[in-house]
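One chain, chain A, appears in both complexes that follow, with chain B as partner in the first and chain C in the second.
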Partner chain A sequence: MSAAHPPSTLSAARAVLYKELTLERRAPQTLTAMALFCASAFVIFHFALGRNEIEGAIASGVLWVTLTLAALLGIGRSFVADREEGGLDGFLLAPAPRSALLIAKAMTLFIFLLIVGLLASMLFAVLLLGPTPTVSQWGSLALLIVLADLGIALVGTLIAGIAIQTRARDLITSILALPLLIPLLIAVTKASEPLLSAGGGTLVGRWLALLGLYDLIFGLLAYALFDYLVED
Partner chain B sequence: MPTTKSLYGRRLTGYAIATGIVLTAALALAFFYAPIEADQGFSQKIFYIHVPLAIVTLGGFVFGGIFGIQYLRSGDTRHDLRSYTAIHQGLIFCIGALITGSIWAKAAWGQWWVWDEPTLVSFLIVFLLYCTYQPLRFSIEDPERQARYAAVFAVVAGVFVPVNFIAVRLASPLIHPRVLGSSGGSLPNDMRLAFYSALLGITLLFITICKYEMASKHSRAQLAALRRSLIGEHDEPAPARSAAPRIAVK
Partner chain C sequence: MANTEPAVVCSGLVRRYGERRALDGIDLTLDQGQTLVVFGPNGAGKTTLLRVLATLLRPSEGDASLLGSDLRKEGWKVRSKIGFLGHQSLCYGDLTARENLRYHAKLHGVADPAARIEALLDQAGLSGRGDERVFGYSRGMLQRLAICRAVLHEPELLLLDEPRSNLDPAAIEQVEPLIGAAAGRTRVIASHDPAGGLAEADLVLGLRSGSASLFEPAAQVTTDQIGELYR
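The block that comes next holds the complex of A and B.
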């Protein structure tokens, strides 16, 4: 070791993030699974609802239920490779701050969710959505996806950190994540509803505020508590 | 050797008697002293049970989170036991609040479940979240890690409760009777007396049951330790898998 001082949080986080993205690029696993899940879910919704085109509240619900369940897949995979291949122990041996792992993992999940959100909403517009959103409505929808994905990534990483050490990992991930994400889903589905309606509509400020509040609170909480989860 | 000094539940009898007296008095006040509400009639009486149950449930969850923070800061397993008991009993009281709320909804609006009713829906979501506390504990074997993760959960869930209430309230029109609200009509004095004594009674009931659960867990651990020392076995056996915190007998 040539460096005398331990790496800063950001440089450690950048290194882990780079590792995660390289892994996914070399052997795409999580992203492809999430995208395929979304496509299948849209087909299922087409038959289950018995409609060729949907709009408004139903459209908003279908889109966000699909994206949330796809996010659960990503959350469930988040720490699996590290745990199985000893990456977690390796990270703990390194003199890097623990929060770097949280930042890197949350960023990874955030990037995955953004890509899936983008692909899935375009696919959704082609397959199921009745009205064609305007450019500004697409912009608002993109803003919602960013804010919601940030919250899902933060809460998801916290839950993935808890679930990875339990026996029934998949079970714990789903039953913990879904209730915790309900406030976020309330805000984002209500906010998307006018954007996906036939008449067209705009964003309502209070839902954006609620999403921002959710992201802020759970971001701080994850940052404060994550150290206790990787203490071994 | 376990001594009687470390026995728990010392003030349990006092709490139990106080609970019995206050709760009986509160029910008597609610049924015989407080007037029949003009709008909802006799069915409004369930308010004296439902609202205190709901308040005490939330209080139990908040204290679960506070003890969780104390456990994370100190590593003292007594805080873990307190956090566990508060959340465990809070969950049971939460079921009580949901059922009484449902009965009230049936009486007031003619339906067992009302989705327009933010407080009831919030309670359901909070209930669903806290239902995962026991499975989470059960799926972690190492007692120290179990306590640590459970404490993290208790803190996250404790913060979740107000956020959830804000989100659900924003999403639905208000029809819940806001008896103690700032805008709603305040309670007349005779109703207020019955309500506050019911609140005190349910709070005492919660404390008594929590103390009872902790005393029972402690005495069972001490009994097992005594039994072991009687048959000359000094090693503690491998613990059975359990969601409950392990208690070390000194």
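The block that comes next holds the complex of A and C.
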């Protein structure tokens, strides 16, 4: 009777990703909230630190703490439409590989984080950052944003997958995500510090390697665990 | 060669939520092409039974198989053969009806989805409003769209939880070719309508607090017996 054949992981992931981006385009809540949070946080830091310009370790800390907390907003919202409108059941009823959901959700979060990361960095440079980074420093910072956002997206999707099955999902997201993100935060703040210092500096390879390793480990972990998390 | 496996077999099926047994030792066999109508008061376990059969919930104890596949070990095998209609439409409010169906068609790997979607929307009387976002739909329209979603991939087995709720008589007639007996599909239907349910049932299952208090051929069941389940 059925004229259907189970889709490949890639084809199902593409369908979910397209749906996620369409939903955000129609009702841009997540990106707006994340971007507004970053802008507000920079203004608060400006007054809390009592300085017009910051650099080095403080600049790096302010930038990445802000981006990480903004990411929590995105992680917390990544399954909201699925939970409220039954979309997760809709996916689970299909013969599509479960890993397609992980890939699509992580890709969606990664895209959101990239957009917010790039916008927030520019705003940060205008509002708070003392030294003006060179073109190559901007390039290095963009590379760090890509690597860090990839790790945050993978961990975030894994945590969101756990949280959706619990009643205390809003608490679980922050409680689980922040400790897991500590190694990533240490690496990315250390790596960013010389790029945001007066006199400039270059990327240190070991921090980049640590970020890459973090992404790899959590990518594999998410791939191995996600099926069990979303199914009953 | 025709597949003669029973469509649904449950043996000692138990599903627990914490300590509570939502299903408590259900035994049933349903042959292909037959319709099983499940009656029972709210909280009796009808929805849980349908969700277990739909592979959305795992059995806590006992065995269940659909179309020859063990639900515990081979749930992935049967998903393409199941059409599930629950209390939620499983459609996204910010997508149009066509976009929702296109999304589900891709997840099910439906061949020639555009033609299938148009045929379903036309049948359900939604083709004129298929490009509207679903959040503006009435409950009846949403139910018709949910029915289109449930049968989109032409499943062999339909699991329907009160499929005609929120539908007016004209809409019920419109969706009949999709979910009615004439479609030739095996069906498990949860219902609160004794007369209507009995009329389309081959077998009747009566649930009370998760246990089967009635499992008989429909011809041997009266509306009074079903009424007893609710007292």
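Convention: the second predicted complex is superposed on the first by the 228 of 232 C-alpha atoms of A that agree within 3 Å, B and C clash if a C-alpha of one lies under 4 Å from a C-alpha of the other, contacts with A are read in each partner's own complex, and residues count from 1 in each chain.
In the analysis below, a residue touches a chain if its C-beta (ideal position, glycine included) is under 8 Å from a C-beta of that chain, and two chains touch if they have at least 3 such contacts.
Remember, predicted model here, so these are calculated numbers, not experimental data.
Once the two complexes are laid over each other on the shared chain, residue contacts for A:27 go to chain C alone; chain B is not touched. Contacts of A:217 after superposition on the shared chain: chain B is touched, whereas chain C is not.
Residue overlap on chain A between its contacts with chain B in one complex and with chain C in the other: 231-232. The part of chain A that touches chain B in the complex is made up of residues 158, 162, 165-168, 171-172, 175-176, 178-180, 182-184, 186-187, 190, 206-207, 210, 213-214, 217-218, 221, 225, 228-229, 231-232.
The touching residues of chain B, when paired with chain A in their complex, are 72, 125, 128-129, 131-132, 135-136, 139-141, 145, 148-149, 151-153, 155-156, 159-160, 163-164, 166-168, 170-171. Those residues of chain C that touch chain A in the shared complex are 54-58, 76, 79-82, 84, 86, 88-95, 99, 103-104, 106-112, 116, 133, 149, 153-156, 184-185. For chain A in complex with chain C, the touching residues are 1-7, 11-12, 14-16, 18-19, 22-23, 26-27, 81, 85-87, 89-96, 231-232.
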